[in-house]
Every structure is written in structure tokens, then in C-alpha cells.
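Two complexes are shown next, each including chain A; its partner changes from chain B in the first to chain C in the second.
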Partner chain A sequence: MNRYARRLFQSVFTLFVVITITFVLYRMMPNGPIEAMQQQLVSEALAKGENPDMSYINHMVAIRTGIDPNTPMHVAYYEYMRDIILYQDFGQSIAFNAPVFEVLFYAMPWTVLVSVYGILIGFTTNIILGAVMAYYEGSIFDTGSTIVAIVLNSIPYYVGAIVFLAFLAFQWGLFPTGGRMYPDSTAGFNWYYIQGVIHHAALPILSSVLIGFGGTALSMRGNCIRVMGSNYLRVARLRGLSDGRIAVRYVGRNAILPLYTQFMIGLAGIFSGSIIMEQIFTYPGVGWYTYDALVNRDYPLLMGILIFFSVITVVGVLIADLTYGLIDPRANTGEKEGY
Partner chain B sequence: MNETSIHSTRSSTSSETIFEVEDITVEFGMDRGTSRVVDNVSMEIERNEIIGIVGESGSGKSMFASTLLDAVEEPGQVTGTVTYYPEDGEPVDVLDLDEKALRTFRWEEVAMVDQGAMDSFNPTMDIETHFKETLIAHGSDVDGGMEHARELLTELYLDPDRVLGAYPHELSGGMQQRTLIALSLVLKPDVIVMDEPTGALDLLMQRSITGLIAQLHERYGITILFITHDLPLIADLADRIAVMYAFEFVELGPAYDVLKHAAHPYTRALLKAVPNTMTPLEEMAPIEGDSPDPVSVPQGCSYHPRCPLATSKCRETDPGFHDVDTARTAACFHWERSAAAVSYTLSGPNEH
Partner chain C sequence: MSDGDSSSTDAGAQAFFEQTADGDVPDASWKDRGYRYFDLYLAAPFRVAWSDWRARIGTTIIVFFVLLGTVGVRVVDPPVMNEGELYVPWFQTTEFIFGTERFGQSIGKMLVHSTPAILKMASAGILFAVGLAIAIGVVAGYKGGTVDYLLMTITDIVMIIPGLPLIVVLVAIWQPRDPFIVGAILAIDSWPSLARMLRSQVLTVREENYVEAARAMGVSTRSIVQKDITPQLMPYIMINAANAAKSVIFAAVGLYFLGFLPEAGLNWGVMMNQAYNQGGALANPMSRGHWLFAPMLLLVVFTMGLILFSQGMDRVFNTKIQAKHAKTVEDDDSL
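This part shows the complex of A and B:
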């Protein structure tokens, strides 16, 4: 129990540090949002031939960024923290003129849809492929798949995404080229809407599957071969256990276990991959808004997204860590086995 | 010539054969030729005896043991016959069993305790499940079987509740080894093959495990095949000892006789290397020369390159077995002279 409490505390502390860093970046970055806006307003004023009025400019900056340059740093920091932790108030998005939290809240389910299905399908195919490769170790299928896996693994996912988009969407029109649903569908529990959601998500998911494709299959293959050569497998066979039980309970479980942490951390990686992915597919999820925020210098939104991604990563790693003990009995006994 | 087959050798205490091994050869095809790791070996194992198979590592003793369960792994090729005589019922041709029959035969008739006790359990499964799945796989009564398992664990000085609820890594090496012995006995087999069952344990634990094995043997009347490189370890345990060198047996006889008046020069050299029965073999001065390569075994007597008694006859002809007395046989032309050529003294528990 102590270990769980400690891990929980570590995670909370990590998030606290992340939020502090966003604050520091926000406030003190040279040429950061405040300075940038001040300069912009000054040059705008100068361009119009007016004398820049600093107090007016500071007022404008305060409205647009939610930061009053005159507030002392420690007070500002306190308020920033308080707003985020107590009120989930990440400030106001400049570009959308809406609370950052709201923007993210509406975009999130779409990214989760694409990412989670992407990683689930990707992980499952990789595991099965790796197991089959191990079973036919040394065969042409094994060698061929290994080469394919290495090649696929070294192709960046966005290249794959563009190729998919070019052929499957633009060339052959099998999939829509962008968007999240059919424009004429009404949101709700009706087949036309759901069909549209699936149709639009298919290509982004397919590209997500490509992220890390091959790598997991190769790890799985190695793990399977290791387990299949182990003494406990030989003993299990001598004990007359059925092939099915040996495959699932012995080989499967012991080979997949080391991949579990990798899987949870991969979840975070896929979220960050969504920035480019959603841009390519014009898929308005969190990643799409991230890019938008970057282009528009929408700093409040950007900071909100940074915190959002950090939370997902930290929570993912935390869940992996806390549940690992449940699925691998060895992790609970203090000295951890090194994988 | 007083050459006889090893078949005719019988221990004086029992007479019923449980295993009959005839002309067993195990070969592996390798790049540099065929590796013959068991070379045309024959022997009989008697019901209720403890027979010790002794040899250096790589002498073929584990492979020989695997053939009794038809458990030689691919790409090993086994030829010859292994016949098992059940308590009642028809003799079983082990190497000829189909997959289903083999599954039943293993563990129900003949169980095996392997070298790597530390790696014999699924690391992500508790011990109780190991017992249960074995019972279920063989269609045995699970409740009754678990009852028996608890008895066995208790007899092996383990706390059944603690052990059954534990995961493998939570048990020490000695505990895992004893648990594996209990697991091998859970289906009440008639024969247990123990391949270096104490290999990974410290000296004290080794002796206590052999003591426990002796107790189980007495209580359940199981036939035990005990394979080891450590001759003194089985001195007090085994009824008979078979010494293996270069993929075949070189001497076989009652344990006491083999230890006290070893006939084969190799057995004598083994014993000479161990001045004290409380010292394990690997800490002792090894026998000079290398053990033969399974791809090219020397012509004639395979021990001749290392044997102080070797003559030209030895280099040319395979000696075959020579009866030393009614119960004992040795594969050596000059066994009568071996006592004078290689002397050794025994101390410790064997000095009866």
C-alpha cells in the first residue's frame, strides 16, 4: 500500500512541476506571449502613427492573455495554480474566444476515439503477428515478416498517413478526405451518424496502427521464443497440459507481460502523434487544435494542451505501474525483476 | 570370452522389470556430422529400486533419461525400444505411443523432476494452480488430488498453505525443488526420473533432499532413476549404480560393490577424484584428459585415450561387457587389473 501511495504522490508532484513549468514558460520566456503581444501592439500603434500608450497596451494584453503584467510574479503564480487546480480554469483561448477547457473538452473524445482504437488494433495485430512468427521461427514467413516489420517500423507514420490519404481517399475515394462525420448527419445514437464517425476515423486509426508497427511484433516474437525455450514450458508439456492452455497461460501471458508497460507508455506517444496526424486528416481533435494554437500563437490554449498531454502521460504511466503488480505477481515483492 | 550383455545383470534384491531399454541411440544432425549423444545403450530397471546413473556432464545421461518418457526434443532422433511394464496390464512400447497416449503415460506412470527446479514453474502462476491444472489435464479428481498434494508437501517438510498460495519466486531454491518433487508425485506415478534434482542447491540442501527422496521411496514404493554427476551423493541412496562414459554405460552393479570395488578404470578414476564423500565432484581434481566429442568417439574402448591400462586391444576393439560377478558388469578388458592400477580410498558414510 505504501508503494501505491508513494507512486501516487510522485505523479501528483510531476504534474505540479509540469504546471509550474508552463507558468514559467508562459510568463518569463524571452519573446514569450506577453512580450510578443506588447511588441505587436506597440508596432501596431506606431504603424498607425500613434504614440503607444503602455497602460492601454498592458490592459489589452491582460484581457487577451488573462495575465496582468503588473501583478507581482508570486501572486500571479498563486492565482494561476489556484485557477487550474480548483476551477479547472486554464484561461481563455485567444483564437476561439472560449475557455481553453471547453475547447479541449469537446476535442478530446475524437482524439481518444482515434488513438485508443489505433493502439488497441495495432497492439493486437502486433502481438498475434509476433506470436505466429515465433511459432514458425526460422521459416520463410518468419524471415519475411521480420524484414517487413523492420521496414514498416522505420517508415515515419505521417508518411504512411499521407500515402493512405492520397490513394485511399483522394485517388479511389474509399474514405473521406477529412472531417469527423457526414456533414448532413445529426449527432446521436443513429446508424448514419455512427457509420459516418467510423468512416471518418478509419484512416487516422489505420495510420495510428502503423505507429510502432513492427517494433512490438519483434519484441513479442523474441519474448515468445524465450518462453518457448524455458524449462517451465518443457515441464508443462511433460505434465500433459493441453496445447491451448500452454499457449495462453504459459507462452501468451509470459510473453505479453513485458510489453504491458510499453503499451501504456505508447498510449501517451500516440496522443502526441495526433498533432500531425489530425492535421493531415483534417480531423479536429486535440492534435488539430494544438497545431492551430501554435500557428495562432494561442498561448493559453497551448499551455492547456501541454498540461493535458502531461496528465495523460503521467496517468498512463501511473496506471501501468499500479496495475503491473496485479498482472505480474513478481512485481509486488519489492525487488523488481528487470525487463 | 566372458562377454555378456548388460541385460543379464540383476540386482539380488528385486527381480521384476519395470523398464526395459534396448539398443537406444539418440542422434542429432549437426553441421560437422552426426552427434550421437546416446550410443546403443541397453539396460533394465527393476520395480521399486533406486538406480543411480552417474556420469560427467555431457556424457549422455540426461538424454538417456529423456528417452524413458520419449521426451527427447526435436531435432533429436531416437532409435531402439523402450518397454514399460505396468503393475498390471500389457507392456507399453513407449517410443511408439501416439500423442494422446503419451500424454497420459507421462506423469501418470512416469514423472520427471528436471534439473532446473528454479525454472520449472510458470513465474506468473501460483503453485496451487500448477497442481490443479495437472490434475485437471489428466482427468483426476481435483479435491482428492489436492488432498494428496497437501500430504506430499507436508511429508517434504513444507507448509502446504504457504506453498500452495505462493508464487514460484516467493519460494527458495530448496522449497521449489521439494515442491516440484511433490508435483511429480501428485498423480501417483510408479516411476520418477530425477535429473540432477539437487544440481542448483547447496551441499546441505542436497543431502537433505536425498534423505527426503529415500523416505518417499520407502513410503510409496516408487521406482526412482536418479541422475547425477556426483557419485558420492547417491552412495547411500541408490540400490544400484550405472556409470556412464562417452554416451554409453561402462559399469553397472549394486551400489555398495561399485563404490567399494569399482571394476572399470573410469569409475575408479571418478572415485579417486573424490577423496571424501562429503565433497562434491566439481571441487575435486578432474580426471586427466577431455571427455569425448559426441561427433567423433574414439575407436575401440572410448575411454582408452585417458585410461592408464589401455593396450592396443583397447584401441582397436570395443570391449563389451564383462561380468565381474553375478550382479555386476563392466565394459573393460582389463578390469581385473584396474584395482592395482588406479587406487582410491573412501571415507565418510561409505566406509561401512
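This part shows the complex of A and C:
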């Protein structure tokens, strides 16, 4: 109970820190968005030969950023927090002229679709591959797979994405080059629509699989080999337990445990990676809007995206952490030894 | 044992021990000491790592790229327009092995002149990430208690904050152009895992007899951390320096490629960006793809060098430490 409460508190605190960071970046940074816009407007006014009118400029800044530069900082901070926590109000997107929350909310399911399938498929294949490599340790298959894993691990996911897109989509036309569904399909529960969604998501998911590929398989292989050499496994064999039971309950379970943390960190990485991935695939999820926000200097949207990714990561990590006790009962018993 | 206890040590004994502790370096010149540190911190781990083939290949690749970025830039002329035909494919002529781009500039020369920026970003990233991780991890591990708790809470928070979106926001606000600053910003999420790992290593090392002996002799905390603990951690630090460099280069090339970072000089990401946006390399992979694929190839080779280096180091040094403290290896097998 204590552990859960502390984890929950830590997650909430993390989100609090993230929102505070966005506030600080947004409002208090020297040469931050506000000052940049003020300077721009002043120089524009000077260029036109007018005398810059500060109150008018502040008014313009307030309209375009949703921030009144005259509000004292602590009041502004309180209002910012209150709007986000109580009303889920992240401000108004300048480029899309719509509430940031709405823009992100409609884009979110697509990002989650690609990322979750990416990490699930990637993690499963890696674990199975690692286990098989460990089982045939020292064979040609093992050596070959190790080299392949190292090579794949050195390929950044976006490089994989570019190669897939260039050949599978542009050159051979097997997959669409962008978008997230067939343009002539109607959203709903019909096969044509679902097929389009799968067809469009296939390449982004395949590239996401590459993000963690290789590394996890090698870790899994190492863990399996270590567990297989341990004494309790010899005891299990001597007790005459079946091979299947040993493989799954003894080796598998103990070898996967240390990877659980890696999984949580991979979750964060894969969501973050969608900023680059969705841009390459022109797949309009949350990450895709980042570039637009950047180019248009749409700071409310940019901050909203940062908060969105933080929330989704924190929640993912929290879920993984709270369920860790289910796969490793030792985590629930007592604290780690203090020092 | 806390620092408070050490002050009660007999002053005479303390002076005696301090003298002997420093006694072997009283008249060592600045050069000698420099060499000694170099030998202890850098040369020794390298000598051990050289026994592993992975580390050998990795080191060779890294040295190659360092030479490319320092010597190569002086040997190879900068690319100029209309050196050759437009869009010469790669591996067709001996003059333009990597082909030419849309203005007829040699892609091979562009690749060479792109390397220094990448090296600058990587080294800035290493300095920033590793420096911060050492400071936080070692202090947290050695001090323990509230300091440890606070530092580890900060570390956990930074670990959870998604790095890339934060970097994009920072880059949008600061618009950095200097490769060193870009590298430092991109390393902002590379330090927490190293800090945690160093902390757990410090927790083991500080139990060693000689550290305890040093503490009992009243050697200051700073001196213990610097002279007794940090050298033990050097292999981990080098492994993670390679990993930090890898992630900084990954992120930098990706962000330059998509135009998230303000364009400044030539680097692999900028080349990819030009090939993608101006050359239409993605849609015509057969005729123009080489412009896009050549920097990607260099990126992959360099990354592979860094990964092989860190894996080789890991293989060599972890076994040693595994043998010494078999019960603490639980979370040391990350790559």
C-alpha cells in the first residue's frame, strides 16, 4: 500500500513539475515567446515609422498568446495551473484557431494506436527472439542473430522509416505514402475502413518496432543465459518438472523481470519518437502537429503537446509500475535495503 | 561513518596519514600528474577493453570519424557547385564515389565537411550528460539519506519527462545554432539512467575495505570520491558516454532532418533535409536516393561504432565486477 501511495504521489508530482516547467519556459524565459513577440511587434511598428504603443502591443500579445503580460507572475501561474487542472484548458491554438485540448484530443487515438502496437509487437518479438537465442546459445543461429541485433540496434528508427517509405511505399507502391485512412472510406465499423487504417498504420508500426529492436533481444538473451546457469534451475530439473514449466515459469519469468524497467522507458521513448515518425509518414497524430506548432510559433499548442506526452508517459509508467508486483511478488515485500 | 566523526580523529595521526597519502606525489610535476591521471582514467580501461573484438572495432570506427572530422576536413577541399554532373549516382565514378547532388556538389566532400558539427554535438552532449550524471549519481550514492532521496527524486522525474518533446520546446524557444549548445540541449534526457547506475555502483564501492579505511583515516569526502570511488566507475562512465553520444547524434540528425532545428552549417541531418525537401530523394529512391542514403549510412556506421564500443567495454568490465560482487549485478545488464 505504502509503495503504491508513494508511486501515485510521485506521478502526480512529476506532472506538476512538467506543467510548472512549461509555464516557466513559456513565461519567464529570457527571450521567451512573450518577449520575442513583443520585440517583433516593436520592430514592426518602428519599420512602419510609427511610435510603438506598448499598451497596444501588449494587447496584441495577449490576443495571440492568450497571455496578458501585465498580470503578476504568481497570479498568472495560479491561473495557468487552475485552467489546466480544473478545466483541461491548455489555451487556444494560434495556428488552428481551436482549443489546444480539442486539437490534441482528436489526434490522440492515432498516436496511441501506432505507439502501443509498435511497442507490443516489438517487445514480444524481441523477447521471443532473445529466449530462442539463449536456448541455442553458441550456435550459428545465435551468433548470426546477435550480429543482426547489433546492426539493427545501430539503425535509428527514422532511418528505418525513410528506407521503408522510399522503397515499400514510393518505389514499389505496397503501402500508402501518408495519411491514416483511405480518403474514400467512411469512418465506422466497416471492413474497408479498418483495412485502410491497418494499411496506413503498418509502416509507422513497423518502424516503431525498430526503435527498441535488437537491444531488448540481447538483454533477454543475457538474462536467460544467466538464469539457466543458476542453482535453483538445476534443482527444478532434479525435481523432474516438465521442460515447458521450467522454460515459462522459471526461466522466462525471471529473465523478463529486469526488462520490465526497460519496457517502461521504451514506452516513453516510443511516444516521444512519434514526433519524428509521424512527420516522416505524414501521419496526423499528436506528434505530427508538433512541426506545425513549431513553424507557426504556436506556443500554446507546443506546450499542450509537451504536457500531453508527459501525461501519457507518466500514466503508462505508473500502470507498469503498479502492476510490477503482479509479475514480481518480491517488489511488494518490504523496502529495498536502506543505506 | 560521517564527516563529524572524522574531526574527532587525533590531529597528529591525521596529519601523519595525510602526509603519507600525498607522500608519493610531492614533487611530481604538472606533466607527470597529467600523465598519471590519463593513465588511470583513460588508458588503463582502454588497454583492458582492447581484448574484446567489439571494443576494438568500435574504437577503430570512432577514431576514424574523429580523424575524418579533424584531419579529413583539412585534406579534403570544401564542396563547390558544378563540380560534376547533377545527380551522379553513387559508386559509379571514381571521382565522385558518393555521387553528386542537385547542384553537382560532391556528396563525398559534403559528408567530410559535415562531420565536425556532429563531433562537436556529440562531445558537448557527452560533457553535459556525463558531467551531470557523475555529479548527481556519485554524490547521491556516497552521501545517502535526504540528499540521496532528493537527488533521486529529481532523477526519476527527469527520466519520466519525455525527452524529445521537451527538447523540441527548448529548441523552439532558444533557436540554438552553435553545435555545442545544440549538443548540450539534446543531452538533457541522457543523464538520469547513468546517474542511477553510478549511484548503485557507488553504493557497492563505498562498502569496499579500502574506502572504509580511507574514511577511518579521516580523508575528506571529496578526496575519497575523487581518488577512490570515481576511478572504479570509469568503465561505466565510458560506456555511457558512448551511449549519450549515440542518443545525441540520433536526436540531432533526426531533428535537423525534419527541420526542427534552425539550420546552421552543414551536418548529416541538414544534408538529409536538403535531399528530402529540395531533392525529392524520398519519392525517387533509385535516381536521387543516394543523396539521402549517404549521410544515413555514415550515421549508421558511426552509431554502430559507438554501440560496439560500449558493448565491448560492458562485456569486459562487467564480468570483472560481476565476479567481485555477484549479488549486485541485477540491473547492470542493460546495453
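Assume the second predicted complex is superposed on the first by the 331 of 339 C-alpha atoms of A that agree within 3 Å, B and C clash if a C-alpha of one lies under 4 Å from a C-alpha of the other, contacts with A are read in each partner's own complex, and residues count from 1 in each chain.
The criterion applied here is as follows: contacts are C-beta pairs under 8 Å (C-beta built on N, C-alpha and C of every residue); 3 or more make two chains touch, one makes a residue touch a chain.
As the structure is a computational prediction, the values presented were derived from the model and not from experiment.
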- Message: Once both complexes are superposed via chain A, do chain B and chain C end up clashing or fitting?
- Response: fit
- Put simply, what angle do chain B and chain C open at chain A, by C-alpha centres, to the nearest 10°? 70
- Identify the partner contact of A:232: answer first if only chain B is touched, second if only chain C is, both if each is, neither if none is. first
- Task: Could you tell me if A:55 is touching chain B, chain C, both of them or neither one (first, second, both, neither)?
- Result: neither
- Task: Using the touch definition from the top, say if A:97 reaches chain B (first), chain C (second), both or neither.
- Result: neither
- Task: See if chain A has more residues touched by chain B or by chain C, and give me that chain.
- Result: C
- Query: What is the contact status of A:2 with respect to chain B (first) and chain C (second): first, second, both, or neither?
  - Reply: neither
- For A:17, select first, second, both or neither according to whether it touches chain B, chain C, the two together, or no partner. second
- Query: Closest pair of CA atoms, one in chain B and one in chain C, after superposing: how far apart in Å?
  - Reply: 13
- Message: So chain A touches chain B in one structure and chain C in the other; where do those two contact lists coincide?
- Response: none
- For chain C, which residues count as touching chain A in their complex? 144, 148, 153, 156-157, 159-166, 168-170, 172-174, 193, 203, 250, 253-255, 257-260, 272, 281-286, 289, 292-293, 296, 299-301, 303-304, 307-308, 311, 330-331, 333-335
- So in the complex, which bits of chain A are touching chain C? 10-11, 13-14, 17-18, 21-22, 25, 29, 31-33, 150-151, 153-156, 158-159, 162-163, 165-167, 170-171, 177, 215, 218-219, 222-223, 226, 258, 261-262, 265, 268-269, 271-273, 275-276, 279-280, 290-291, 294, 297, 299, 302-303, 305-306, 309-310, 313-314, 317, 339
- Note on the structure: Seen from chain A, its contact residues with chain B in the complex are 230-232, 234-236, 238-242, 245, 249-250, 253-254, 257, 327-330, 333, 337
- Task: Spell out the residues on chain B that touch chain A in their complex, using ranges where they run on.
- Result: 69, 71, 73, 103-104, 106-108, 111-112, 114-116, 119-126, 133-134, 137-138, 167, 169-170, 180, 183
